[in-house]
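Every chain is named by a letter (A, B, C and D) in the order it is written, and numbering of its residues begins at 1.
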Amino acid sequence: MKLYEYMAKDIFRKHGIPVPEGYVIERPDEIRPFEGEIVLKSQVLIGGRGKAGGIKFASSMDEAKKVAEQLLGMDIKGYKVKKLLIEPKIKILKEYYMSIIVDRSSREAMLIASAEGGVEIESVPDEKIFKRTINPLIGVQPNVVRALGYFLGLDKEQTKGIGKFVYALWDAFTKMDADLAEINPLVLTPEGFMAADAKFIINDDSMFRHRDIELVEEEYTPLEREAREKGIAFVQLDGNIGVIANGAGLTMATLDVLSLYGGKAGTFLDLGGTDDPEKVSQAFGIIGEAPIDVVFLNIFGGITKCDTVAKGVVQAIEKKPLKVPIVARIKGVNEEEGKEILKNAGISAFSTLEDAAKEAVKQGGGA
Amino acid sequence: MAVLVNKDTKLLVQGITGHQGRYHTMAMKEFGTNVVAGVTPGKAGETVEGVPVFNTVQDAVDSTGANTSIVFVPAPFTMDAVLEAIDAGIELVVTITEHVPVHDAMKMVSYAKMKGARIIGPNCPGLASPGKAKVGILPNMVFKEGNVGVVSKSGTLTYEIVNSLTEAGIGQSTTVGIGGDPVTGTSFIDMLELFEKDPETERIVMVGEIGGTAEEEAAEYIKEHVTKPVYAYIAGRTAPPGKRMGHAGAIVSRGRGTAESKIKALRSVGVKVAKIPTEIAELIKEDL
Amino acid sequence: MKLYEYMAKDIFRKHGIPVPEGYVIERPDEIRPFEGEIVLKSQVLIGGRGKAGGIKFASSMDEAKKVAEQLLGMDIKGYKVKKLLIEPKIKILKEYYMSIIVDRSSREAMLIASAEGGVEIESVPDEKIFKRTINPLIGVQPNVVRALGYFLGLDKEQTKGIGKFVYALWDAFTKMDADLAEINPLVLTPEGFMAADAKFIINDDSMFRHRDIELVEEEYTPLEREAREKGIAFVQLDGNIGVIANGAGLTMATLDVLSLYGGKAGTFLDLGGTDDPEKVSQAFGIIGEAPIDVVFLNIFGGITKCDTVAKGVVQAIEKKPLKVPIVARIKGVNEEEGKEILKNAGISAFSTLEDAAKEAVKQGGGA
Amino acid sequence: MAVLVNKDTKLLVQGITGHQGRYHTMAMKEFGTNVVAGVTPGKAGETVEGVPVFNTVQDAVDSTGANTSIVFVPAPFTMDAVLEAIDAGIELVVTITEHVPVHDAMKMVSYAKMKGARIIGPNCPGLASPGKAKVGILPNMVFKEGNVGVVSKSGTLTYEIVNSLTEAGIGQSTTVGIGGDPVTGTSFIDMLELFEKDPETERIVMVGEIGGTAEEEAAEYIKEHVTKPVYAYIAGRTAPPGKRMGHAGAIVSRGRGTAESKIKALRSVGVKVAKIPTEIAELIKEDL
């Protein structure tokens, strides 16, 4: 789950990472009196909000309220600004980049840092990026901090300062089950290092350990949110064919085969290993609400039998009929029985993915 | 011979008294697997499908000599179950459970490495060597004994592909689902190494998907170390960036993990990449 | 460093292990008013103090003061009682044993427990002892606690209770760099589990991380304490030959060879790898204070040269002559030069350990 | 061939700018060791005995291809130095430093196991293969090339024994001081295994001492796995219980770790145990 900047900074603060003293507002009149200059930061989950005009400065109450009015409700790349984080403007001597991620290749964590901060790390050349895997059982050791200090060209005192940062970031990363904990820019101020921005993704599978964290679901469409609540793996796409299949890999493959024949999927819905009629019903309920022209059901029967899934489908559409046609492809265990059940409900069922895909594309009005 | 499991496999089922544990104990026995014990804390003395249940893995190992384990326990307790198996000397721990926290996965994989054990999964369908043993939830009827080694990140998609191989008369030595999570105990490379060494395996099928760079790394490995013909299918060509396609690992983000990159890397080292899953059987047939 | 019971219980308390509410006294009049019954426990580092009469109960102030008077100053197996730990008497339902030690064979920690508490664990038969190695990088996991609960025949609630104990003991063991953390007996009271006794040894090499812990040196003789302060590896023994050698293994071997010829060492003094005259001087200063009849110097010259050690010896005895004769065995690099230097100072130097040992035994008046 | 070190050893000295580091860099070079790099944080760019100094082990490895390391850094920083070496891909880390906290020792030994590296020590004199290389602080002049493998918990006592072998005309393949601390990276059994496999080693000398049960475990191992003749000396026969004899591990406590028990165990599996250190050379001579 991706967190808003202010939530990420809360976590950082709790784990000892220095962040600017800020507060969150939802209305312009919540701005508190201030001296000097403040920064108003739109709280959205998408990157590049600075360039999109989502971050502004103000040096008087009047100006601040005007800016807040302008930012709140603004649309940034499809995300609506509902909250602003208000912080004093920081005096920045230098900007760095630092993050810890789960590294798939090494199956360990990875510390990434660069003296080129404030820009997307992807745009920094490799030789300017410090990378060290951190084993989860041993954690960050002093030699990693030393190597980082040398790489970034820091003096002894600064290395000590950034060391505290790394240990604290590791603490936040591990205790909060992060997929990613990123500080960009990590800024050097006259008072030392500070996290000027913060990005934090909590591993979805670990949320049961972090019930105190406010749920963020902005990154999902309303329909995706509904599916998540029901525990259904569902992604909304921009085509017009509603794909349901069993298994993530098979569902992806179904999308790909449709595309080969000129079709475009409007949904990715993975039934998983279930043939529970209730679950199948819920899945068809979700699909029914998506803006699609045809449903493409692709089932490979293994542990889940074709006929039980077919029965579930028929029950589901009897309970709440779909407004669009269904094209099915049924293969595997009890294939014939499954086809028969679907046929009786008026659903054409194919054996090969190719034939079914072609039919779905046709019914969807494509190619 | 087959890789990882064979007739010497003595299987322990962790979480045997649950719904999944019970069902698959039966299915694995039907496949011919020697299921010797089950573990569910507090259920010692019961039996499931004729298999004795113990409170702890150590008790089960001491009483039955189990050397392989399959884990069905719920995600919040999976790491503990896997560590318990490793500490009791189990050499191969097949972890079926999905939604295991990724930090738990990292820890258990590191611990297994320290103790010289192998984990398959988490979030995987396990593995099957037709005619020998199955340690997993793959459907029994899709397999046929033969000489193709299959390694895959997927579940159902793998069954589909294996089934099409079987229908085409192409048997399999071992089929391994390594799981689609970001951190797994066994990688494509690990399996390529085992298949390359296995005298019974003549050809290798790799089923990948978007996310990460495991397929690209596998391509590098194939170039240097694999002499047997490799066939591949990569799912997710049309998945949009930033959207997680079911599996926790299946996401194209920050320009990494695209199907194009994987397909290109595999083709460049001579791997035949299929456009649709069932095409793999055809590609193999052409070469026979 | 072995801690007194009250220090060990302080550590336990800090790490969340329930211990009786007690306090330490050095004078009988420090006993505080109490209700019910109290136990007065002599604080000595030796085991078996209960059987030696070092633990007494009292149920009135008068009785308590009388008992305290009797215990304070008492001699228990050569250790003088200087402090008493005063605790309320606990209602004990059952006694258990629990410890965590550094296990050499596995190179990990080991959790040891038994339902046979209150007796020396060495006297408990193997099949009644629970043993599980705990890897230092992963720590105690729930499955270990479950296995322990089954082994001890505890119910679910009790297993939960003992689990808290194990986690807390692990915390104390690792954070405090223990060689051994032992609770014997670990008692089940109507209020739950509690550490009735406590034994704790902090790893000597880790003391630099635990400067806040009061130094306990009671287990050493005054001369051993002096040597420790000077950083000299010195052990006082009950023979009359003062052995100095370089290297712990060689020093032990020297003791053994002496014994072969009927002699008995009065000291074990390992010079280590040093040939610094100041250090050699200090070593001879220590030896000079030990009740011995002859000094046996055994040097194998390698990295340390025989002649430099010989020079150091001569300097040392010139500065402060020994009252007893020195027999030397010198072997290795610059052996001849070393022998010459010693000979000029009136010290007979042999090449073989056997010859030198025989001479030392003779000069010591033995065999 | 010799075990663990040979002409391919490219040695890195951690803590090279300290007194011990400097002295032994020279002595190891004199022995013929290929010392390629040193590390002392903050001293990059300097040289010691002609050896370039780097700030980090990774820098040193990247620049020189070092594959073995010797650690002279002070005890409070030893674990960090060892972990740094392991993370940089060093395969053999010889840890000379004494007084390393035992919990640090446990952690670094576990970590090495996870990463497939070997630690010798801590608190050990290192190892020497005459005619090939020395990675340690053992005195150069006591060695002679030959076919006896020596493994010992001691320092000076080992030099004494090796010297007596050399004086008797008996050369050594490799001499390894594994250290006398309670937790060490390499055990008697590890070395027995290597010596048994090494074609250049014909006889094995084991120098043990009181404390622990490593010698008893070695006896078990010899019984099952060692075919070459083994000779032993055990120090501390007359050490009183409860008194630590210098080495952190050398203590007889709770009735465990006595010299009698060790000698008995070794004799029972056919090991010839010497009464005094120099007798080992005589026992070997009798067998020649």
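Criterion: contacts are C-beta pairs under 8 Å (C-beta built on N, C-alpha and C of every residue); 3 or more make two chains touch, one makes a residue touch a chain.
Small disclaimer: the values here were computed from a predicted structure and weren't measured.
Student: Go through B-C and C-D and name the pair with more C-beta contacts between its chains.
Tutor: Comparing B-C with C-D, the pair joined by more C-beta contacts is C-D.
Student: By mean C-alpha coordinates, which chain is most distant from chain A?
Tutor: C
Student: Determine the centre-to-centre distance between chain A and chain D, using the mean Cα coordinates as centres, and give it in whole Å.
Tutor: So the centre of chain A lies 52 Å away from the centre of chain D.
Student: When the centre of a chain is set as the mean of its C-alpha atoms, what distance in Å lies between chain A and chain B?
Tutor: 27
Student: Quick check: what residues of chain A touch more than one other chain, meaning two or more?
Tutor: 135, 137-138
Student: Residues of chain B that touch two or more other chains: which are they?
Tutor: Residues 107, 110-111, 114 of chain B touch two or more partner chains.
Student: Are the chains arranged, by touching, as a line, ring, star, complete graph, or other?
Tutor: Its topology is that of a complete graph.
Student: Taking the complex as given, what residues does chain D use to touch chain A?
Tutor: The contact residues of chain D facing chain A are 41-42, 44, 55-59, 77, 80-81, 83-84, 87, 107, 110-111, 114.
Student: Quick one: in the complex, what on chain A touches chain D?
Tutor: 132-133, 135, 137-138, 141-143, 146-147, 150, 156
Student: How about chain B: which of its residues touch chain A in the complex?
Tutor: It comes out as residues 27, 75-76, 99-107, 109-111, 114, 137-139, 141-142, 152-160, 163, 180, 182-184, 207, 209-210, 212-214, 217, 233, 235-240, 243-250, 254-255, 259, 275-278.
Student: What part of chain A is in contact with chain C in the complex they form?
Tutor: It is residues 137-138 of chain A that touch chain C.
Student: Any idea which chain D residues touch chain B in the complex?
Tutor: Contacts found on chain D: 110, 113-114.
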